[in-house]
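In what comes next, subunit A is part of two complexes: it sits with subunit B in the first one and with subunit C in the second one.
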Partner chain A sequence: MTLTADERWDLIEKISNKVVTFSKFKHTLKDALGELTVKPLTGIPIAIAVLYGFWSVFSSFAGTLCTDGFFVKLFDGHFLPWIQSVFPGKGGWFYYIFVGDPAADNCFEAFGVLTSGLFVAIGVVLPAIFIFYLMMALLEDVGYMPRLAVLIDTIFHKIGLHGYAIVPSILALGCNVPAVTATRILETKKQRFIMMTLLAIFIPCGAQLGIMQEVIPESIGIVLLYLIFGYFLFGFILNKITPGKSPEILIDVPPYQKPLWNNISRKLRMRLGGFFKIAVPFVLFGCAIVNILYLSGTIDWLARVLTPLLTGWFGVPGETVGPLIAAFLRKDLAVAQLSAIEMSKYQMITSVVLVSIYFPCVATFVMLLKEGWKNLLGSLAVLVTVIFLYGGLINVIWKLLGVQ
Partner chain B sequence: MNEKIGRIYFGVLGIITLIFGITDLIVTIGGNDFSWGILEISSDMFRGGWGGLIVISAGLFYLSSLKNFLEIHQFSKALMASILIWILAGTDIFVRITESIPGGEDGPWFNSLEGFLSTYAPPYPPVIFLLPFSLVILFSLSKRKKA
Partner chain C sequence: MKKILLMGNPNVGKSVFFNRLTGANVIESNYPGTTVDYTKGYMKGNSEDFEIIDVPGTFSLEPKDKAEEVAVKMLEEKKDALVICVIDASKIERGLYLALEIIERGYPVVLALNMWDVAEDKNIQIDIEKLKSILNIPVVPTIAISGKGFKEVVLSIKKAASVGVKEIMEKVGEIK
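After this line comes the complex of A and B, so read on.
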């Protein structure tokens, strides 16, 4: 039996009359609050307040309370002198790799696997990652994240993405590894390519933010400003040159609700588990590799070869070649290394931006490869171009301002 | 809370909040901290600049909620203004809590009782003064629920 279009509509009406209950929709206070958070005029100040609270809690918990309050004292005052005295073979290469500089009086400068490696992983990054993911899970569970996606949708369309791109973007502020996986919520290959490239280049991970908070607290705003500007500038360019479609989306915005602690603790456990499995081994391994490169003279050789480029084009000292190599293994480690190099405030800002936009850390690299080698090669091509153009541009800006 | 009292109360609170926000911005642009009795306004770009913008937004939210105050969309603006103040004041209190617990660089692991308590002593930023007055919205909310 075949039905005409009119007959089908009649049938649909009959069925819906039987199964759907109609009543007058009454706005609740939650609905009204929800509307305020998605309308640009009211939603933008609310978003600024939420991000303000996010950053304030992040920096005071991770920086003031955990790292400065307890871990610096534990590692520099107790652990470092102890391990320097009991570790055998002082002066030998094995000691240098695992304990680092025997004369160092703090874990940032020692640069051994068991000193800087452990301090960065446990003393700096762990509290930063913990509080970041805790607040992220809270915002997700309350129902604020979909509203932020709606609010920011128009801006993201300018760079070929849509509002849900906020999810991988914010996740990447914790760690790029889950963020690369989260790009699968975007529909087309073009969108996924743009998102992966932008987050690998311009979004500093929680670990890096934690270290930046420790090493350059007064300049962190300028560094982030450069990265945000680069994110949208190169996103705009990529949208213009990348073939493919950027479709619209329909977002289902759930009502605001009380967070469920069960959900939050499960998310937190899962994400922290990922950090311990992937990030911590890479920090320790990264320290060992960089120390081996120093011991073998490779970094000194590279510094000599690359000094004209680093000083001439980017305006940073030749010694930054070491941290740039370390950045491929762990970016947080690289920023920690930069703190030990003598340079001006502006050179430090350029160096930190360079480390951020330089190759994604090896863990992210592996995740990008999993998403397809064509994407990875494309991202790397963009990345090399961005480093040279953007790194050079920052140097030019400092020169024009007369501060370099 | 009836409409007339609500309008007067949140109107006055809105104006005071707006003044505090504008002062925050002016002090930040001036570059020097401002102290007056137990009130202190920071010239720090983060707390004074961004914080000032949020306080101004809260003030404008309060003022825009006055017309037909008890209507649900208007009332939600006043509630949102209070939430903005709670975020700012909450983070300020949280910062003090994180500063009050450790014993300092050369001190013991944990702060002494005097050191702990002294962290909570004045001066305070403007949002801490606005906090108790913004809580009145909860009373208003409970009245709405009962009605």
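After this line comes the complex of A and C, so read on.
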């Protein structure tokens, strides 16, 4: 025998009348904190402070302390000269692939699998994602995320989503791969499509953030502004043109909790484990592929063919073809490679934005495919349009501002 | 191998439960919707081994989003499974809604009243013995993050049997 929903609620009421007694509810410090962080008047300043704090810790720990303070010295001062001298076959193609430029004096420019590859993976990206995931786990376990969702709900409604879209969006700042799966908490196909497309195009992953704040610390703010603006601009358009519904939701805000060190460390271990298993091999492999394409002359040929488009439409040098190919494997690698190309500050900003909104990395691509090929095709169509329109628009903005 | 589904509303601690029962590693967070796909793990019981499945959180068996669809599909595919229904002791009504739906479909259920400490903080008292006799299934208060009540959950697995909702309705009328 099964009941209708009404009969079931009736039965539940009877049961709970018999077994549950409510005594006086005490207002605790936890509840007070909970309200302060969710009411707009106090919640929005607190949210800005939290996000600012997040970013400061991220950039000072990963960039200043680990990468500049330790790994740059280790790699450029000791490892690079050592491997340049002991690796056999200087001048040969094997040496070029694994060590790169024998005259390079830093690991960004050498571009060998064992020099730039290892340096980017271990020296730049590892500290970045370590600190990102540590802080992320803290925010998650304390229970701050749903409060952020409540605060940002109104803005997300403008792009056909609701507050909970903050969960995949912030996860994507770590890595786009789990973020694609996390879009399942959204209710309708329309919402999931908008979310997946936006995050694949506009949200840079932790690895990319780490490398960006290492190689273009002075312009990362502008790059992020372009990405955030694009996220909402194209979200707004997608919401208008995608058929389907965007329902309201009631957000369940759980109580604050003291984070458990055990849980945090386990999460960190799992996520870093994933980085070593998937990301590191891709960085090294990507480095090798790009070097092979250089050696075989493919990249020079592509650069010649595509220069009119790259320079004419986007205003960036033809050499950016190499990084754009690498971007398909790993975005962090691509940004590292860009830093070795000579160009103006504005061209650099445009090309970093291009690398970000350009095709999602292979791992994200596979995840999107798993969620359905029709969605993937749709996302790709949006992506190609966005690259040309938005990339071109940025070039136009520079031209109008009179900078090159 | 006997299958156990771990089901419940979003953000009631199913993943913490799962990690404790199986020693596996699934991500736990303090917001609804962390588990959107299912994960399998194994548990050694006293006399037999169990396969345990961490099912995404759902409010009812009429799915509203993709994660809930996964949950309902899991339940329908595993006709002979036992369900450990994890509910938030401080919001018992909405948990019972799902528990009743599962019971009505004929699955044997163990009911875990998780976040017992939160309910105590909020001064909510639940008469476990009464609830047990009304539902006629094992009911265990638990605190997943500290591990309280887990032994009892495991021990009561063999006591779970399917019950008719009609008996529950009769019982709730009789009991004082």
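The criterion applied here is as follows: the second predicted complex is superposed on the first by the 384 of 404 C-alpha atoms of A that agree within 3 Å, B and C clash if a C-alpha of one lies under 4 Å from a C-alpha of the other, contacts with A are read in each partner's own complex, and residues count from 1 in each chain.
Keep in mind that, in the parts below, a contact is a pair of C-beta atoms (placed from the backbone, for glycine too) under 8 Å apart; a residue touches a chain by one contact, two chains touch by 3 or more.
Small disclaimer: the values here were computed from a predicted structure and weren't measured.
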{"item": "First (subunit B), second (subunit C), both or neither touched by A:L377", "value": "neither"}
{"item": "First, second, both or neither for A:S16, with subunit B first and subunit C second", "value": "second"}
{"item": "Touched subunit A residues, subunit B compared with subunit C", "value": "C"}
{"item": "Touched partner set for A:L65, first subunit B, second subunit C, both or neither", "value": "first"}
{"item": "Touched partner set for A:R266, first subunit B, second subunit C, both or neither", "value": "second"}
{"item": "Partner chain in contact with A:R184 - subunit B first, subunit C second, else both or neither", "value": "second"}
{"item": "Which superposed partner A:A32 touches (first subunit B, second subunit C, both, neither)", "value": "first"}
{"item": "Subunit B/subunit C common contact set on subunit A", "value": "28"}
{"item": "Complex contact set, residues of subunit C against subunit A", "value": "10-11, 16, 19, 25, 27-34, 36-37, 56, 64-67, 70, 92-93, 96-97, 100-101, 104-105, 118, 121-127, 130-131, 134-135, 145, 164-166, 168-169, 172-173, 175-176"}
{"item": "Subunit A - residues contacting subunit B, complex", "value": "27-29, 32-33, 35-36, 42, 45-46, 48-50, 52-53, 55-57, 60-61, 64-65, 68-70, 72-73, 221"}
{"item": "In the complex with subunit A, residue positions of subunit B that touch it", "value": "45-46, 50-51, 53-54, 57, 61, 72-73, 75-77, 79-80, 83-84, 87-88, 90-91, 94-95, 98-99, 101-102, 105, 109, 141, 144"}
{"item": "Residue ranges of subunit A touching subunit C (in the complex, touch as defined)", "value": "1-3, 8-9, 11-16, 18-26, 28, 137, 140-143, 145-146, 149, 164, 167, 181-182, 184-187, 192, 252, 254-255, 257, 260, 263, 266-267, 269-270"}
